[in-house]
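In order of appearance the chains are A, B, C and D, and numbering begins at 1 in each one.
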Amino acid sequence: MDFSLTDDQIMIRDAAQDFLADKSDSGAVRRAMATHDGFEPDVWAAIGAELGWCAVAVPEAHGGMGMGPVELMLIQEQAGYHLLCSPFFSTVCLGATLLNSLGTDESQSALLPAVAGGELKLAVSMSDKLQLKADRLGENWSLNGQGLQVCDAVNDSMLLLFARAADGVGLFAIAANTPGVTLSSQTGWDATRRFSTVELDNVVTPMRCDNPGRLQQGGPRATALARLYIAAEQLGAAQRCLDLTVAYIAERKQFGRVIGSFQAIKHRCAEMMVQIEGLRSGVYGAAAQAASDAPVEILNMECAMAKALASDVLFHCAGEAIQLHGGVGFTDEYDPGLFFKRARASKTWLGTPEQLREEIAGVLL
Amino acid sequence: MNLNESPEDKAFREEVATWMAEHLVGEYEVLKHRGGPGDEEAYPELRKQWEKELAAGGWTCVGWPKEYGGRELSIEHQVIYHEEYARAGGPGRVGHIGEGLIGPALIAFGNDAQKAEFLPGIVKGETYWCQGYSEPSAGSDLANIQTKCWVGDDGDWRVSGQKVWTSLAMDSDWIFVIARCEQGTKGRHGLAFLLMPLDQPGVTIKPIHQISGSAEFNEVFFDEAVAKAGHIVGEPGDGWKVAMGLLEAERGVSTLGQQMHFAHELDLIIKAAKANGQDRNPLIRDRIAKAWSGLRVLRYNALRMLSGGADVALGREALIYKYYWSNWHRDLGELAMDVLGEQGDVPAEDFDILRLQQVFFFSRADTIYAGTNEIQLNIMAERGLGLPREPRG
Amino acid sequence: MDFSLTDDQIMIRDAAQDFLADKSDSGAVRRAMATHDGFEPDVWAAIGAELGWCAVAVPEAHGGMGMGPVELMLIQEQAGYHLLCSPFFSTVCLGATLLNSLGTDESQSALLPAVAGGELKLAVSMSDKLQLKADRLGENWSLNGQGLQVCDAVNDSMLLLFARAADGVGLFAIAANTPGVTLSSQTGWDATRRFSTVELDNVVTPMRCDNPGRLQQGGPRATALARLYIAAEQLGAAQRCLDLTVAYIAERKQFGRVIGSFQAIKHRCAEMMVQIEGLRSGVYGAAAQAASDAPVEILNMECAMAKALASDVLFHCAGEAIQLHGGVGFTDEYDPGLFFKRARASKTWLGTPEQLREEIAGVLL
Amino acid sequence: MNLNESPEDKAFREEVATWMAEHLVGEYEVLKHRGGPGDEEAYPELRKQWEKELAAGGWTCVGWPKEYGGRELSIEHQVIYHEEYARAGGPGRVGHIGEGLIGPALIAFGNDAQKAEFLPGIVKGETYWCQGYSEPSAGSDLANIQTKCWVGDDGDWRVSGQKVWTSLAMDSDWIFVIARCEQGTKGRHGLAFLLMPLDQPGVTIKPIHQISGSAEFNEVFFDEAVAKAGHIVGEPGDGWKVAMGLLEAERGVSTLGQQMHFAHELDLIIKAAKANGQDRNPLIRDRIAKAWSGLRVLRYNALRMLSGGADVALGREALIYKYYWSNWHRDLGELAMDVLGEQGDVPAEDFDILRLQQVFFFSRADTIYAGTNEIQLNIMAERGLGLPREPRG
């Protein structure tokens, strides 16, 4: 039992911090928000090709670095801190996690090396509603229906979608530019991550990815890990809300004093710190479980805990950041609003806090 | 202590409701429930036309004395008027600042010439006003005014400096400003209260985009802008007194109308919950009942304030009101989005849903403008509970 | 529409305040807590015979003053402020309210004059579980079973209990010293109000009190009013918690300053004030509804609102009073603990906040 | 970062569990889960006998160096020991203050004679200690010590003054005290750290009754009470340093054991909810899941603290810990009573229910003793976030 980070882990975290402080500052985030696809291609290229983040959690056999959830969690924490706009989340945290957890050997060999090399973007649905049907068509499959809440789908993405087939639910890979695929993306209040509805009209693909033997354990494991990575991002974002606030109140003067000298303000910041550090313990602990021999039922509870807590803490901290910035806090010019919108949107991703706690209660009671 | 309405009150309520039902129709139909906080940019021209419609019916400035063109309604009838106006979905009042703030201030502190020049335009719904108090360094510390004014060679005033958080500046004709007329003074002393047209060289308006995407607040820059010699209210040095008198007037009967808008928002939440099944979620049910309860508290609290007579500002019920409603409203916004779930993520085309999204975002400003939560708590602790004052730095 | 108190109402409130400040101070409350029955007979005698509180809400036709819920609410607010230990609550707020709301003319004539004169104590069950059965026995009724959570039952009380009869639920009056009646009282954590379980073994009484024509409206109205009176008491208790705290922090010094000068402490007290004044508006409003023509469905919601809010506000304020008193706050020697125990106990009386809000939600949704 | 246990760790866990299963039986059976906070008055004599049982098995002072009679267990094994002790229902440790506080302080700051005189009694479970720090005017302001001491004609120390919030004084043999040895000094300077027997004229113990009815805290009055000349730890004037070194030791590995008690309390809540149907109440289910989540956070936070090495006190995770657990525990008490409902109103005969009632009442003290919430928030804002210090009056 060891709860400390290894030197490699610390190096990965620090490198991510340095890169993002440079390439994902407030200006870069706002530029990315204004693009059609929601990210700047050169930042994505650097992440994939230069930094090798996409390879971190891919097995060495598929061209990856063979590290695990702790490393990815650390990167995600930094991504959240800097509100990184990038298909990294969908490609690596959702897509590669799915393939790792429940993919066939063939699908892993076909897709993971390109993911690890930063050459392939995966777009994955985050909805728990299944409105896709898959029918056998010779060697291929024909898909019809809607893929809902598909994350970061762009023209050259590979879509990874669950669909109902005659023999049960399967996972299918479809190039987004296949005939019959229509992406409709809508920019939400949170413009830092894009979601699309994908219409599939007799779309033919050869690639069914799920390994039936892995589905029962792998499905829940992939969901648990995806929740963990969102939680890590929320943790980073919450920390940023506190840091922005502390920096602001240390400068802003009213009544002839910096407002950070008012005890009520100090206590509110301390309360944020309590929640954030508690959350950090929770997220790191869940990641440590994911890196250990915890059975999937335990991992489920741990990651549900982390994501529920992270959603609540980030929402609280983003709200406090606006409030303690005073008038400028609710303007678009300052950054707290960006985190507030992310806080709101991410609250529902893969389960609201209430839904996640009900999952936990279902096991306890 | 009795909440039964007299037959006369009931008749008056009926009169307002009938007028609204007959006039908020046709081209005005689209204005129903529009133009509220966070939605100020909706139909500005049509809403100005609606102001004239109201004026024609005698429904502007209903609390003003008759000699200035008002109806001189009793407090109870003003409450009824505001409630029925809001219940009918009456749109956000573009003329609110003229009718509710500067008009009463001129009646109290203005000279006859000023009254004659400005009050009729307000009553007729023809002249629109905005307010220039806050400054970048004078937020919570409201008296820390840096904008300065002086008398030019032509005898008129000149004003230089910057105001901020000025709402509706884009739709307004005039602004009232407090500025420092005695250089070297600090705080509440040495201020003047000036009336200035916005359409002049030397005045620049810059909208402030909010997190909700709307931009009802503005920065207003003054660079030797002019206020006529006759357009100072009170004497030079009286500025603080006039400004504060006007803020007092702000906490008035219109709050009962505001509560009707809140009730409408709660209705929209209930409607959304019924539509998407969240009405069966016990945690949501609990919060909806809490929101309803809070709205009852707001109503009774306002009635307490209004029954308190002239010394209302001394009562604890008045001290808590702004804090209570703004935090209640912010919670309502959170409830709305929790009910909407993923439906809330994208700006909605259905205005009933978009309105809830607006409430969520705009209500973050409620606990900040016009006295932040933190300032309100200071005031309550010090004035309400007699605890020691916070020292200045 | 008028939301101000009349001169008479102000007089009643001020007289109650004066009396209780004298006769129900901390020492008196602690003496009453130590008695077997939970109250001091001389204080009760003064309330009934001298002050006439028991007559306030009894109709003039039955020897009362014919006033209403507003006056009783004002007395209850003071009773809560001073944590009055007395069968006044059970006799007047519960018992007389029941008889007023749904009693037959005969039962009102038989019981209310003695109540108004302070000569009769009524003990009423606050449980919503019905475990009593009533059978016809000639002109009389024979009762069997248990009366649960019976408030302030002592040897010379008149018990007012609901029981299931062949023709439906009825309300019966039984002298506590009738053969077959066994009272078992247990002192709870909150020793300022006593509850008993009453065993009835073939207890014969001639007095059935319910007027079937009044039951449908009168039952809910009596419950609503009882909730209002509890809420008023909780309001007074919450105000006392704030007043005790403000007095303490204005004196107590740490770090060379009165602790009331620390902004975080000031804000916490201001937050209590916000909650208490909001509650006061809510309770007064509900009382005003009770005094107006509100239909019973509306009154129900209003009083459920008042009681739910009052329970939450009192619990919060009592907890804050302990916390802001520091070490002495959790000792038995100081008073905050007494209010904290009352806060806890009263939270469940006639519905927890959650149950009451579910009642409201049931109407709204 | 890996939570898998090594085979050696597993074997040690098994060893502790087995020992507990074999010894916490028979006459000791009644002690299971007893003697925790709020229940300190349960079976004091039997619990002292249990201390000797532990000592005989070598299970006291497991983290102490072997030369002083300890087991010199690694941090990980200490954690395992405390977890398994608590999981088995091991009773509250009467010897805790000797083993966890004064013992380590003597090892760090005591001289050889003091070590020889006092450590064996602690290891053997024969001598019980209590702590004399707080005073009526030195609560949050801990350094404001008024109790004074001076050297008498016989060369021994004399102590006069009053201590308060001394837990377990009634069951203890000795007390360690900080007192002002240089009259006229203020704050942290001029203090002495003295060891004193309680059974002497000049020492009076008065229990403080709590709202829960129990009385584990006491006032201790000193009226020219005697401490032997050799019973000062460190030099006169070193008192603060010794006392603070000892408080540091307090935040140790035993917290993992405390968390096992918390887990047991949560289990009791779940049991009660299943018994009375509250397990089907969605609002209660949500809160139970929240409580469980908080307990996970506490565990991982403690592991973070322990993995941080020597500079653990600098980490933010250490700064938040006391605030986090105490508020979590207070919330747990509220949850417990909300689950019990009316069942909670009367002191229960079933100890599993009574325990929950005790948690509810006693946990109000958790956020006050050993640094109130308010002091914790100050420390976090100032040390953790670098915000300006609160000025003294």
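By definition in this document, a residue touches a chain if its C-beta (ideal position, glycine included) is under 8 Å from a C-beta of that chain, and two chains touch if they have at least 3 such contacts.
Keep in mind the model is a prediction, meaning the values are calculated, not measured.
Peer 1: Would you mind checking which chain's C-alpha centre is most distant from the centre of chain A?
Peer 2: In terms of C-alpha centroids, the chain at the greatest distance from chain A is C.
Peer 1: With contacts counted as defined, which of the two, A-B or B-C, has more C-beta pairs across the interface?
Peer 2: B-C
Peer 1: I'd like to verify one number: the distance from the centre of chain B to the centre of chain D, where each centre is the average of its C-alpha atoms, in whole angstrom.
Peer 2: Their C-alpha centroids are separated by 55 Å.
Peer 1: Please report how many Å separate the Cα centroid of chain B from that of chain C, as a whole number.
Peer 2: One centre to the other, that is 41 Å.
Peer 1: Nearest whole angstrom, what separates the Cα centre of chain A from the Cα centre of chain C?
Peer 2: That gives a centre separation of 53 Å.
Peer 1: Taking each residue of chain D in turn, which ones touch at least two of the other chains?
Peer 2: 281-283, 286, 374, 377, 390
Peer 1: Name the residues of chain C that each touch 2 or more other chains.
Peer 2: 258, 261-267, 354
Peer 1: Which chain C residues qualify as touching chain B in the complex?
Peer 2: Against chain B, the touching part of chain C is residues 1-6, 9, 70, 242, 246, 249-250, 258, 260-261, 263, 265-267, 269-271, 273-274, 277-282, 284-285, 287-289, 291-294, 302, 305, 308-309, 354, 356-358, 360-361, 364-365.
Peer 1: In the complex of these two chains, what residues of chain B are touching chain C?
Peer 2: Contact set of chain B toward chain C: 1-6, 9, 76, 270, 273-274, 279, 282, 285-286, 288-290, 292-294, 296-301, 303-304, 306-308, 316-317, 319-320, 323-324, 374, 376-378, 380-382, 384-388, 390.
Peer 1: Okay, in this complex, where on chain A does chain B touch?
Peer 2: Counting only chain A, the residues touching chain B are 127, 149, 186-190, 195, 253-258, 261-262, 264-265, 319, 322-323, 326-327, 329-333, 337, 340-341, 344-345, 348, 352, 354.
Peer 1: Can you tell me which positions in chain A touch chain C when the two form their complex?
Peer 2: Counting only chain A, the residues touching chain C are 262-264, 266-267.
Peer 1: For the complex, which residues does chain D have touching chain C?
Peer 2: 134, 137, 139-141, 144, 164-165, 208-211, 213, 281, 283, 337-338, 341-342, 344-347, 357, 360-361, 364-365, 367-369, 372-374, 377, 390, 392-393
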